[in-house]
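Have a look at the structure below before the remarks.
Each chain gets a letter, A, B, C, D, E and F, in the order it is written, and its residues are counted from 1.
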Amino acid sequence: MSQTRNVTALDLGSDAERDAFLDGYFAKCDEKLGFVPNVLAAYAFDSVKLRAFIDMVDDLMLGDSGISKLEREMIAVTVSAINHCHYCLTAHGAAVRFRSGNPVIGELMAQNYRAADLEPRQKAMLDFATKLTEAPDKIEEADRQNLRDAGFSDRDIWDIAAVAGFFNMSNRIAAATDMRPNEVYHSMARTTDGSA
Amino acid sequence: MSQTRNVTALDLGSDAERDAFLDGYFAKCDEKLGFVPNVLAAYAFDSVKLRAFIDMVDDLMLGDSGISKLEREMIAVTVSAINHCHYCLTAHGAAVRFRSGNPVIGELMAQNYRAADLEPRQKAMLDFATKLTEAPDKIEEADRQNLRDAGFSDRDIWDIAAVAGFFNMSNRIAAATDMRPNEVYHSMARTTDGSA
Amino acid sequence: MSQTRNVTALDLGSDAERDAFLDGYFAKCDEKLGFVPNVLAAYAFDSVKLRAFIDMVDDLMLGDSGISKLEREMIAVTVSAINHCHYCLTAHGAAVRFRSGNPVIGELMAQNYRAADLEPRQKAMLDFATKLTEAPDKIEEADRQNLRDAGFSDRDIWDIAAVAGFFNMSNRIAAATDMRPNEVYHSMARTTDGSA
Amino acid sequence: MSQTRNVTALDLGSDAERDAFLDGYFAKCDEKLGFVPNVLAAYAFDSVKLRAFIDMVDDLMLGDSGISKLEREMIAVTVSAINHCHYCLTAHGAAVRFRSGNPVIGELMAQNYRAADLEPRQKAMLDFATKLTEAPDKIEEADRQNLRDAGFSDRDIWDIAAVAGFFNMSNRIAAATDMRPNEVYHSMARTTDGSA
Amino acid sequence: MSQTRNVTALDLGSDAERDAFLDGYFAKCDEKLGFVPNVLAAYAFDSVKLRAFIDMVDDLMLGDSGISKLEREMIAVTVSAINHCHYCLTAHGAAVRFRSGNPVIGELMAQNYRAADLEPRQKAMLDFATKLTEAPDKIEEADRQNLRDAGFSDRDIWDIAAVAGFFNMSNRIAAATDMRPNEVYHSMARTTDGSA
Amino acid sequence: MSQTRNVTALDLGSDAERDAFLDGYFAKCDEKLGFVPNVLAAYAFDSVKLRAFIDMVDDLMLGDSGISKLEREMIAVTVSAINHCHYCLTAHGAAVRFRSGNPVIGELMAQNYRAADLEPRQKAMLDFATKLTEAPDKIEEADRQNLRDAGFSDRDIWDIAAVAGFFNMSNRIAAATDMRPNEVYHSMARTTDGSA
């Protein structure tokens, strides 16, 4: 990955032994999205780390769940807004715009979800993700019960927590390494019809 | 995993299709540690999530790195102390005691690493992990340079960030689910010779 | 202003006695921008308040200063990002995109200015605005001296403080009233040539 | 304004073109109060800024409103206490003492309004101003409804927000410039009969 | 102490067995100050607690030390300003005014010591007390060294810490019990000659 | 006390005039505990301070109260966990283990009391101590009423506040002086039968 050097502030070298699975995965990204997300390029210096990251993020963001893919992106962006993460706000802000078909909602999540006219279920979900991000030590049974009262199952609560937790990790890795998003994200899905 | 229910406050059910790899992994834990860590039992309701978690945590905490296994556990505990995470302070506090052969250093990390007589390298490492946990948006090039000045390579910086980031995720998943550590951790490695 | 009701969560009525100056000002906005910014519509229930607001904001953002108009918008967005202000991030994020002719820099300011490759002068300016926003009681002579060392005059320091202070006011009025930005801002200046 | 230099830590020069309106305004201050408040002297280096400031502050603090002049000063001091603003606590603490005819209530506002025996209406007003100062991004409809339930109209809510917002601006301009209050404020209205 | 009930929000009863020492101490207060400080009245429900409190506070604030009595009161007020403690700001603000013979310096300490023109020694002392109050876990050897560099002995450092620590206790007991200061404090030492 | 030098980072000398009472007190500690707690050794440079400290702490932690000795230690550890105080977490963590006969509960208090299965009374007590530690200025009558509703008398509320306040003092003196606990605490009461 020759561009790795530009993706973060760290000089991490490259992995000579990248296996066929990962080459295939990168090719699939290129085909589907038109580019390889820089976070993958950043992890590409080590195939073991890259693969563990891909396995986790793909399950979290694309796997079966009672939390819709758009809602998972909304959590990602809400957490990233609290942590002021340039990389994740750019990449997942684009994802919210894309998945919602609404260029405004992506900005709203990145600015302050409280200004959006959310249904109570999504409001409860983002309130929980916010508290979990800002004061994880203060989560109590009442917080879980709020989610159940808003219609979430225990399995849904796990998924909300897992996505919110994951971006508390990713935001910090991006911050620590000064990770730069692909420029293409900025213009993605800026119109209602999904075009740039 | 019949005990899953007790491990967290969530009723997550179990995964009927757990594969041979995971059965083997659990058996190996039992053999090596004498028990299966509750975090694995917590994830066991879904084999895909469990496997992704194992792959990531094993690489981070046990894989090759310029950061020693003890140092990685010190980061884990320092982050978990900021987030006041009962599960991680218990499990990784025990790991610091075990890996250092020093029951006091485990407590020190869980209380306040600044009270420990650390060498400058480890102090710089934990100062970085602390800032990354408390104010990720304020990390700048100067913070990375501090680590380089303390003798860390860029690859080491990645590993420090990755471990600190990971526990910012795990602390939150544990908090969100009220995850309970195995009782055995509390008495583990409480004496200098490593016995309980 | 019949649309006032929709601009904020408050029912403020309208001002029957709006004078010719303000009518002219609104007409000029419409002509120049193609719309009347909602913040003006929000203040329009009281001509005295509206005029005081216009006089202050026009001097601050458009008057003579050693701080360029783009830099003043950068301060506006940096302060609004700390306060997570939907209205100001939308309206002044668009202004940064427009004035810089660079759709990416507007997003960067709204996400985290530390991720932008700023010249030291602008970095010092935004660091000062950030401290003034987060901990005004801790500003000391050393902070002013930092600005002088970065090339700013005492008059420039006043202007930086005045703009940062102003958005700490506006962010709060917008938050308190749930002020909604004109939708047109979202798509403004999203391309390098300044078109939507 | 030869004394401008002493009023702040900035050397801002003076405005040779000060117009008759401002000369008259200063004369009126001198006549009414016995002195020109230093904040006006600080702004006097630029007549446009000075006049915009005067227009805004006079409307906010002295104009018609459902919030009494004393209550507006209570908001000013409550906000300034959170921001630890020497200038505003001195000048507006004196104003609370003067307007209430009670030297103790001025100190209470500057120390902690929660220690005062306030009627529920004023308590709700200051709780709102406090949240708006400390966490503007977390204001929600429920906060506005609390004010309505305490008897405030929507127009009153605007005024509370506008005063609280204004002092979040002024506190920061005073902090950034090290603005010094006139010494006379310290002894003003220290006795129940309003004398020094 | 019949007035105990009014001194705090708690109904603590009185101590039938108050001994001669304490009666004498109260009489001495009355003779010397013209009143018994309410904090003593608050503790008077239990002679053991009252005596322990008196012994500690008298040594801390009046005993031999390299930190002058005025400086100790400055620390008291600086800490109490951070904690917004009505009781301690009132009583010890009066003490700063009285001991300095300067009504303005008492207010400055209660508002923001950074706005006072302090000599470097006192500035260092109050910076330390502030960090110790806001982030005790982050005190390191460098902080102690700053005090030594400013001319303080190790014994002085103990005394600074002990006074700052004590008011972090007293502020909280006053807050928890809604302790009310004697009204006389408000007007004490408001003039340069020390009269009310 | 020749070991004083090692107990803190300060060189405080020793007190040549230590009286018989204190010698006796130290001897009693040695007899009862097998050692003299380092905090006493730290204060031993000045007999007046040492005696005032002993009088206060002995009344607070061992005197008559509606709050049990174990509960007082739970408050001590909860406060010390917020302040990340190495000395107090070590010494009072041991005390919780010893008084409860439960090695796990001591760790739980030091990590996060919210993870313990506490009865509502103790939960309310620690919630109050936490708020009093983190935001003393925000304590209101409703907080005191919560304690009354949980079964506490006004006298109990005083005692909770006094213990929480005391550790906010001690934590800071320990942090300021880098106070080191006796090593013996680490292994104390680690087993259910109270042995090491």
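Note that a residue touches a chain if its C-beta (ideal position, glycine included) is under 8 Å from a C-beta of that chain, and two chains touch if they have at least 3 such contacts.
A quick note: this is a predicted structure, and the numbers were derived from the prediction, not measured.
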Farthest chain relative to subunit B (centres taken as mean CA coordinates): D
Far-end chain from subunit E, centres as C-alpha averages: A
B-C or A-C, whichever has more C-beta pairs in contact: A-C
Where subunit B and subunit E are represented by their mean Cα positions, the distance between them in whole Å: 44
Subunit C-subunit F separation of Cα centroids, rounded to whole Å: 51
Subunit E: positions in contact with at least two other chains: 84-85, 112, 137, 139, 178
Touching pairs - complete list by chain label: A-B, A-C, A-D, A-F, B-C, B-E, B-F, C-D, C-E, D-E, D-F, E-F
Residue ranges of subunit C in contact with subunit D within the complex: 9-13, 45, 48-49, 51-53, 55-56, 59, 63, 83-85, 128, 132-133, 136-137, 139, 141, 144, 154-155, 157-158, 160-162, 164-166, 168-173, 175-178
Subunit E residues touching subunit D - in the complex, by the definition given at the top: 81, 84-86, 89-90, 103-104, 107-108, 110-112, 115, 178, 180, 183, 186-187, 190-191
Subunit A to subunit F touching residues, read off their complex: 137-140
Subunit B residues touching subunit E - in the complex, by the definition given at the top: 112, 114
